[in-house]
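All chains are identified by letter, namely A, B and C, in their written order; residue positions are counted from 1 within each chain.
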Amino acid sequence: MLEQLAISTLNGIIYGMLLFMLASGLTLIFGMMGVLNLAHASMYMLGAYLGYQISKTIGFLPALILGPLALGLGGALLERYGLRRVHQHGHVSELLFTFGVAFMIQEAVQMIWGRIGVPYRVPPELDFPLFRLFDTPYPAYRIFVLVLAVAIFVGLFAILSRSRIGLVIRAALTHPNMVGMLGHNVPQVFMLVFGVGAGLAGLAGVIGGPIFVTSPNMAGALGAILFTVVVIGGLGSLPGALLASLLIGLVQTFAVVMDVSLDDFIKAIGVDAKAGNILGDIQHTTIAQIAPILPYLMLLVMLVVRPRGLFGSRDV
Amino acid sequence: MTSLSIGRHAGQIVWFLAIALALLLPELIPSKTALTKMCLIGITIVFALSYNILLGQTGLLSFGHAVYFGLSGFAAIHLINLIGRHQLPIPVLIVPLFAGLAGAAFGLLFGILSTRRHGTAFAMISLAIAELVAASSLILESFFGGESGVTTDRSVGPTLFGIDLVPQIQVYYLIVGWGVLSAITMYAFTRTPLGRMATAVRDNPERAEFIGYSPQIVRLLSFIVSAFFAGVAGGLAAINYEIMTATNLSTAASGSVLIMTYIGGASFFYGPVIGAIVISLIQLSLSDVTPAWLLYLGLLFVITVLFAPTGIAGLIERHLPPLRARVLHHLIPSYLLSAAAGSVFAVGAIALLEMNYHVTLNAHEGPLLRLFWIQVDTTQPLAWGVAILVTVCGFFLFRRTWPLVGGAWNEIDSRLRKAAP
Amino acid sequence: MKEPALALTDLRKDFGKTSIIRGVSLSVVAGERHAIIGPNGAGKSTLFHLISGRFPPSGGTVALHGHDITGLKPSAINRRGLSRSFQVSNLFPRLSVSENIRCALLWSTGYRYCFWRWADRLSDVSAKVEDVLTRTGLSGRRDVLAGVLSYADQRALEIGIAIAGGADVVLLDEPTAGMSHSETRRTIDLIREVTIGKTLVMVEHDMGVVFDLADRISVLVYGEIIATGTASEIRASKAVQDAYLGTAGTAH
């Protein structure tokens, strides 16, 4: 029991840090530009597939560098030649554009790599148990992912708090309409942030692909979770995104391993109820089955009850 | 704004012709498969029109409109099954009305949650609701029937005027009847005080508050009306297919109606009609030919967002003033040139995509691919080289010829300005 | 004494730690034309936002015809007979001029959320639309989309929307801002004409307009009213002179 708890906690933290790598870019873009990038999770998926392809042909280390670079460049181009064009028509058009891009990436990935997943495995050089947690050996690769994610987190904070560009980004987050007047080249900053965000999503894909399943479903499954993280954390708030990522990471990891249903609770208190129809369905649904729904539920509740999230200063 | 703007009377004539065509179509194309397709298109038109009450008229971008279509469809299936089981005195003909009411009820329920907000927040809430409902549909098996869905038999219940809905042609006319009725009602709605205020709230919710309206209530009422007609479409689908599955309310179905409505043209009332017809026809003809058709659809959608945000209807409206002024023919040379160059590019790009698809997905069928009307060996570098060359040449030709179109339009616009006082 | 049409009592607004409106009390009698002047950043527009319900006040009360309307939603305040215009044109850009005015009339004419009548065949509304179009001089532009109107026409429509609903207390926020001399004259005549029998409160920078139109004037400086009175009283006021000498040039 304690062993299970420790392993799930560690897994949840690693999952949460990966989520943060994705959510940080998304929340910066959303906070600065007001654009909810619906294609963000698709870039994560693309990262995983690129990671798989490059690993297979050249090696994991090149994949780790080339994959994020390719996606960062792609993201910057997408901003420059796509988003900027529709910006004048307002947020709904921007949303539609990213929706279209997500749709196309989805189809393109299926076209290139097939409708079922690819066998993207942990690279052999990192495929060994690093230590034993109680009696279970814990894989080195997961710790590698954790270290890398923490490094990215520290790096992001350093850039945002110390550098000049970080200053502009922070100003743009709190006063999106004012920064242009400060004489900074805002479109270029937007392009940069969008590119870096896409690159980080790609990196998360390259390193996350071997842990989770690399398949065409991964973008759809992750998209709403990311929106949940961004909304719960608050628009443009990196500390918020970090906390929300860890929260969701842990909640989801624990929910998946909990194979109990309402029925078990009812039985536990000594009643043997037999409800029919829909009530019966609800009664026999295990928490593990509900796990995929939890993020949507949290997203809905958050948007309706507290749209500025935990750390946000503005409503979504 | 949402209006019939092809000149008042010309517009009415076009509508009458469209309805007449819908009625005569089974006579003109007497084939069983064509009838199936026409039924599908009819249902899709109602669904897309209902979606545009949100997108075009009220300015709400929803990623979950299929929820109301699907839930009402399931409600209709269960109602028909009840009619069959208990010999209820309800003709199946009017089931779409009940389905609409079910849609409106769900619209009220989810609308209260989502219409407090607009813009991106509304879109996110709609997505969350859509995913919740889709996920629940797999859990609540007794209502949604799990993976296999719920089936029914539409030939039950009392018959009205001898219509028992057994032959498909009766179902087609049922769809046309409900479709025309729904379209007229939805058009009428755009011109009521509430419909007008929906447009005002789309344009400027803040100002709407200062002239006495609650934008939230206007949005909610619009949402309910939209969900009602989505429900009618769902009811028609239930009668037509006699089955509903979880895919009917999936986010993919919601995305599909969004794409059709937008490509058709959300700023005009008739835009979604065109979108539903065009996209359904593309789907029906292309999905057999190429597995990549969804990619083409996505491409078409992104191009529309980037270059023609008013959709096909917007393009039509753009050409009407020069048509009336009889100067439209000045566009033809530049259009032909651009179209020729564009086709070269498209042929090359499609060849590349299809060859790629063939290699990755259909490798088991051997290296040979029938592309357009020629046999291509996808293992030959020459084939790839030719395809790349055609694509690149087409691209540069198109870039050279496209400015001609702009020039021709400048010419026409200045003529039109001179003609107008 | 008669019940004031609009009464503000110790109205306050803080944004974070900054106080923008610091205890404003003002009473405007029915039928009065009241101007609020003051240097830039004095909080004039904020004061309008508090009265019209766009922002909730941090303290104090607003009463309309003796009824407390503090903290009500803008729509509720409008329904009680207070309407306003905006400093930056705030129209329905993709509706035509006549539809903008029609929308502004629907609630007050009683059609509310009606969906069983044709909006453009309501004879009572149509008559009023014509009336407002004529009075604002926009008859010739009735079918033009509001978003593509000229600046002066947008300002006229802005006033048109504010007065269309027949509210008896009208707030106009800098109705002549950015206008040429002749446009300003036309707008003064328009305002004078359309506010007959109504209570008018306006923010204005143009002293010519203020002295021409207003029965009484209040001077707002740093969130406080330092003087209220007739034009000549204000001209003579020591406090006003001090305030304006300190910020000379901001009152154009």
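By our rule, a contact is a pair of C-beta atoms (placed from the backbone, for glycine too) under 8 Å apart; a residue touches a chain by one contact, two chains touch by 3 or more.
Keep in mind that what you see is a predicted model, and the values were worked out from it rather than measured.
K.L.:
Kindly list the shared contact partners of chain A and chain B, in label order.
P.N.:
Common contact partners of chain A and chain B, which must touch each of the two, are absent.
K.L.:
What chain sits nearest the middle when you go by CA atom centres?
P.N.:
Centre-most chain by C-alpha means: B.
K.L.:
Taking each chain's centre as the mean of its C-alpha atoms, give the chain farthest from chain C.
P.N.:
Following the centroid criterion, the farthest chain would be A.
K.L.:
Cα centroid separation between chain A and chain B, in whole Å?
P.N.:
One centre to the other, that is 31 Å.
K.L.:
Averaging only over C-alpha atoms, locate the centres of chain B and chain C and give their separation in whole Å.
P.N.:
Measuring from centre to centre gives 44 Å for this pair.
K.L.:
Could you state the distance in Å from the CA-based centre of chain A to that of chain C?
P.N.:
48
K.L.:
Okay, in this complex, where on chain A does chain B touch?
P.N.:
34, 36, 82, 85-86, 89, 91-93, 95-97, 99-101, 103-104, 106-108, 111-115, 220, 224, 227, 231, 276-278, 280-282, 285, 289-290, 292-293, 296-297, 299-300, 303-304, 307, 315-316
K.L.:
So in the complex, which bits of chain C are touching chain B?
P.N.:
My answer: residues 52, 54, 73-75, 78-79, 83-84, 86, 90-96, 99, 102-104, 106-108, 111-120, 122, 161, 164-165.
K.L.:
Which chain B residues qualify as touching chain C in the complex?
P.N.:
These residues of chain B touch chain C: 1, 188-189, 191-197, 199-200, 202-204, 206-214, 217-218, 221, 225.
K.L.:
Can you tell me which positions in chain B touch chain A when the two form their complex?
P.N.:
On the chain B side, the touching residues are 59, 61, 63, 113, 116-117, 119-121, 123-125, 127-129, 131-132, 135-136, 139-143, 251, 255, 258-259, 262, 291-292, 294-295, 297-299, 301-302, 305-306, 309, 353, 356-357, 360-361.
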